[in-house]
Amino acid sequence: MGSDIVEIGINGIKLVLIFLMMVQAVPILVWVERRGSAFIQNRLGPNRVGPLGLLQLLADAVKFLTKEEFVPAKGVPFLYYMAPIFALVPGAVAFSAIPMATPLLIDRFELFGQMWGPYTILFQGYEIGVGVVFVLGISSLATYSILMAGWGSGNKYSLLGALRASAQIISYELALGLSIVGVLLLNGSFNFGEIIAAQQGPLAFTFIGHTVTVPFLPNWGVFYQPIGALLFLTACFAESNRLPFDLAEGEAELVAGFHVEYGGFKMLLFFIGEYGHMIVGSSMFIALFLGGYHFPFPGITPEVLRYYATELGYGPQGVSIFTALILFLSFFVKLALLLWFFIWVRWTLPRFRYDQLMDLGWKTMLPWALANTIITAIVIQISKI
Amino acid sequence: MTTDAFLFWFLALVTFISALGVVVFANPIFSALSLVMTMVTVAALFATLNAFFLAGVQLIVYAGAVMVLFVMVLMLFDLHKEKKAFTQGAFSGSVKLLLGGLLAGLIVGAVSMSKELYKAISDQAVTNSATGIESTKALGQLLFTQYIFSFEVLGILLLVIAIGVVALARSKGGTHVK
Amino acid sequence: MLNEAWIEPGLNHYLMLSAIIFSLGLLGVLLRKNAIVMLMSIELMLNAVNLTFVAFSKYSGNINGQVMVFFVMTIAAAEAAVGLAIVASIFKRFKEVNIRFFEHLKG
Amino acid sequence: MPLGGVIFLFIFISAFGALLLFIANRIGNRIKSVSDVKSAPYECGIPGIDKKDTKISVKFYLTAILFILFDIEIIFMYPWALTFKDFISNSMGWYSLLCMGFFLLVFIFGLVWEVKSKALEWE
Amino acid sequence: MDHQTLVAVLLLAPLVGFFINGFRYRKHNHLVAGAIATTMVFISFVCSILLFLNLTEMKEENRRIVVSFFEWLKVGNFKAEFSFVIDQISGIMILIITGIGSLIHLFSIEYMHHDKGVAKYFSYLNLFVFNMLLLVLGSNLLVMFAGWEGVGLCSYLLIGFWFSDESKAAAGMKAFITNRIGDAAFLIGMFILFLQFGTIDFANLNGLAPSTPTHDWLNPLTIACLLLFIGATGKSAQIPLYVWLPDAMAGPTPVSALIHAATMVTAGVYMIVRLNPIFMAAPNALLVVAIVGAATAVIAASIGIVQNDIKKVLAYSTVSQLGYMFLGVGVGAFGSALFHLMTHAFFKALMFLGSGSVIHAMHEEQDIQKMGGLKKYLPITHLTFAMGWLAILGFPGFSGFFSKDEILWMSYHSPMGHPALWVAGVLGAVMTAFYMTRLMALTFWGESRVPKNIHPHESPALMWIPLVVLAILSVIGGWIGIPHIISEILPGHPANIWEHWLNPMITKIPGLAAANPQEEWTLMGVSVTLVLLSSGIAFIFYGKASELPSKLSENFGGLYRLLVDKYRVDEFYEKALIRPFVWLSENLWLHVDVSFIDRCTHWCSNFVKGAGAMARTVQNGNLQQYAMYMALGLVVILSYILMR
């Protein structure tokens, strides 16, 4: 985490900030979701509390906090309370592994009468060498929260919902895991940093000795792996139990799925978990297929930004902060657009039937992902990219 | 006490406690969740040993797949806290406990009395790379050259198991239908 | 006793930890009645062995140990799959997971 | 060492969540004694049936088992994907492709078999 | 393609055919199965040709291709590679096996097309070819033995192919069991060789063979050679183990042609030729080989005279011709024996296929008394069969003449030979001429005795094409091994390609004097004259439908009955070996087994029962207790290791 106490402290605070950022995004997203759905369905949505209904969030929070607290009679209290807490963990832990901008350089400074630094602070929670595997591994822990909730409630509907949700999640985890093999083949790395760095600049690749350059397109993974990107995004929808894959909730037959017995703040934590999944999925999609924090305009590279910052008269520390913030903005915009896409899809598409859902996962997406892998490998071998 | 040492002792403690939990929890579901915890801490221990890829695989395969299966089956079977979770028989029980203790004691004693193995060569080793990419690549190279036969055989084994499991799940249970 | 050298983790520490966890798993297999818990205890033992493999791999600088762990994980997962399928088909018919009950299935 | 950060985050989030729940518990509208009706499992209004012995489709754990097996096969592709370019630069690309090709063949055979055997059908 | 691939394809093609036809034998009709099987063997044939061409391009000193696939066994200093060698000997053998094999496969398509299990038949045939190639190509005795057992199995399967007929199933069993006796001896011989030389690799064995021959009967080398020869007598149907071969005619006729005439039965000869330096070091064993070979040649031929079943005649002829090969081997003329092996493969395969054609035409009738005058119905078969007839007679210019004459000459001329052996050989040749002419006369010439309800017809093209190819080979096949004395009078003095080719592989006979041309001409003249005379007599006897044969058989009734009963060898075996054995077994069972051993065992079992009752408390089916014992064992072993 760091070499001395201050660096450890900075990193710790950074982690907390990233987590809080994720938590804070949720009320905003809830608002966007409600307003967005209203917009799509041609109604008004929350508009009474505060301007544009923005303060609705605050009112909701207060309402959640004052809900009455009890454990269902047949429930297992420990699991009942553990489940919402644990719902928070995988999303945040996985999200922290994804780089959001270039690192910050901190000059030497004085604190407590001692000189500290210089430090290089990564614009991510922590850099993991095998980041892709790490994120997949941590995300796969999300199933437990659902299973614990389903079991801990002591209700057959919630248990059934939990089983359906987890069966769905693991089914789509196959397609998810397989759809990124193509990206791994192209990059030969599990490291998000390296994968993002490879997507810098204009679209350029070597095909059987010919170098092809498309100056107006960025060198993003989505252009190399369109099928992989599509499958990945679809699997992300299923992984976060969003419509059109929200079979776990199934209002008609399961009344709300695994969190039927939950209310108040515990329910909110589940919401945070679900949005956390969306955020992790989106940012992983960005990192693998949409060039990470790089701008969609091939001309604006981090080097160019650094050059501008130097021109503006910043020192090394200032340059790094300037660059990182601008790049973070790029990342943030992509994330926001993708999250909007999630919401948009949710209110546009109807729900699948459960057998259709399983068929899609096992019989459509898995074979396509396999085909994608094989074709990618053969093309790489032939063209020796 | 360095960070490494702190991490190790912390993880060792959590691993021990959760492993103990697997054995002593009367409710199988708690046992299973305890085992999940053990798996996660063992993954962390792998990471302290610079086997990052294996740590990830441990999370995906064990924590994310195998234990999900266990928990799912336990929930499907609707198994609650068992009144008699342990086998009866005070004598054999104590013998078994003694055996377990003896085994652990013997190994721990033997290890603690032995000298540090491999201390000299551990510095320049390939497994010591910080990011784990090199060791993962070396693992892949090895897997596809020296262990290629085992690899392919494993593929076939998995196929056989997939077929067998479907057959088992289909069976109405037992060959002697009365 | 608790000097600096002892606190700093080395190969021995990992081996001891693995031995202890292995013994716990063994006790689980020996003492628990529930067949599923026994299977889980076996997984625990396998994990302990994996830890040994990785520790040796690191301290001897030989990656072969990690490949072996990879295989062990695969086999363990496969074993769990088959074991659970068997227990499940017995449970479906007899509603029983007690290991002593399985003795009545012979012949 | 990123591991420290991960563990820190794990513990921090758990503590944070627990704290939130604790606060909600303190602030929340607490009832002295929860009535049996209120705490009964949700049953759409009809009286709850105590028996939890519901028949749950065996498909769930069958899916989970098949998931394990296929997941392992996919995990095996990761080191291959990682080293594929190295193999190509050692001009062993076709060899690597062939090794994985056989593996994938077995994989595909398994998948096709499962589909054919209707193990993946959800009525 | 490199040699490794070629050899792999050569070996695996028939095996693939076996699997394809074997797994889907209910689905394939005769055309599909036959096409697959024939193609596979033909692929092997092409590979053999390529390998052989490669071989001819090599230098004469190291003309061998060794292909090693993997280490098969390694126990102590015993090491066996799964490797194959192609040299002058095996190069020719693979050509014969795959070449004749593909012709016979082709023939079988039409011959077997009525049969239900035709795909099964072809799969067995392919398996046989694979095993035969294994036998021939193996670079050590173990691989050879694997093939040796494999061909035995295929022979058993194919003899008993129509196993619903009990006698045919019994014939298969008989072949299998008789072979087993030989195989046991072979195995022991192999062990002795390994003990003696520490290797079973042919190259090493031949290199280690002592240069000075041993005349000690009890020398391990002599014993090993004799044991190997017993193995050979089993496989190659020599006295005393020849009895299975005539019965083996129960199998389909193409099988008889391929297995029981052309290839498998020659395995014994091949084995001895392959190990010729070893055998040369044990002249006593070779003497036995020569005597047994000569005796077999005469006795089998004499039985052949009175047989009425067309295939039985050919079967005894095969036994007799194999006797010639062993005679050649026994007098040290390994090259000539191999030469005769090849020509015999040509003409005997031809005649078996011809007989198959006849049987096919006659609607499964095999009795030659019911044939006659078939010349006009089966012109092609008759013509080709006649070529085979001339070849086996040793008619000058035909292939059999060169090879048989070479063996006869060597049996006289070689220091290891003896005039008596020559006399026996000529006697055999004379009888061969007699019964073959009788066969020709009764089958093709003279008056038709065909029953009214049978209308013979010429076989379809798929059947006669192999006949024509084999007939051509039977006629010209001998010209690659022209003896010196004949080549001297021929224009251009064609060289003896055969001898030249095999020269590096064959041990020279020590003390071989230079040939006296006059002597050789004389002997050749005598034998040819006698043979022609004998066939002339046979023609008069049977071709002219005279009374002479029946008169003769009346006058020499005892001898005739003896011959018809095949010297009563089967009965003798029944009385002398099987009955006493059964008697001994019964007595042992009644007096030793029941009254003594059973009591001991009962006591033992009671003891065990008592002990088991005590120990049963341990074996209670409690899994966890078992695991506890395992843990206990672990702890004990660990503490022993630690406390040591």
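Per-chain numbering from 1; labels A, B, C, D and E assigned in written order.
Here, a residue touches a chain if its C-beta (ideal position, glycine included) is under 8 Å from a C-beta of that chain, and two chains touch if they have at least 3 such contacts.
Given the structure is predicted, the values throughout are model-derived calculations rather than measurements.
Chains that count as touching both subunit C and subunit D, per the definition above, are B. Common neighbours of subunit A and subunit C under the contact definition above: B, D. Distance from subunit B peaks, on a Cα-centroid basis, for E. Across the two interfaces under comparison, B-D and B-C, the one joined by more C-beta contacts turns out to be B-C. Of all chains, E has its CA centroid at the greatest distance from the CA centroid of subunit D.
In terms of their C-alpha centroids, the spacing between subunit A and subunit E amounts to 76 Å.
Between subunit A and subunit D the centroid-to-centroid distance comes to 17 Å (mean Cα coordinates, whole Å).
If you average the CA atoms of subunit B and of subunit E, the two centres end up 60 Å from each other. Annotation: 65 Å between the Cα-based centres of subunit D and subunit E.
For subunit C, the set of residues that touch two or more other chains comprises 26, 30-31, 73-74, 77-78, 80-81, 84-85, 88, 92, 100.
Touching of two or more other chains is recorded for residues 1, 128, 133, 159, 163, 166-167, 170, 173, 177, 189-190 of subunit A. Residues of subunit D found to touch two or more other chains are 1, 4, 6, 52, 56, 58, 60-61, 64-65, 67-72, 75-76, 78, 82-83, 86, 100, 107, 114.
The complete set of chain-chain contacts reads A-B, A-D, B-C, B-D, B-E, C-D, C-E. Residues of subunit C touching subunit E in their complex: 26, 29-31, 38, 99-100, 102-103, 106. Those residues of subunit B whose C-beta lies close enough to touch subunit E in the complex are 87, 92, 95-96, 99-100, 102-103, 106-107, 109-110. Residues 1, 3-4, 6-7, 52-53, 56, 58, 60-62, 64-73, 75-76, 78-80, 82-83, 86-87, 96, 99-100, 102-103, 106-107, 109-110, 113-114, 117, 119 of subunit D are the ones that touch subunit B when the two sit in their complex. Of all residues in subunit A, those touching subunit D in their complex are 1, 8, 11-12, 15-16, 19, 64-74, 81, 84-86, 88-89, 92-93, 96-97, 125-128, 133, 153-157, 159-160, 163-164, 166-167, 170-171, 173-174, 177-178, 181, 184-185, 188-190, 255, 260-261, 264-266, 269, 354-355, 358-359, 362-363, 366-367, 370, 373-374, 377-378, 380-381, 384. If you check the complex, the residues on subunit E that touch subunit B are 624-625, 628, 631-632, 634-635, 638-639, 642.
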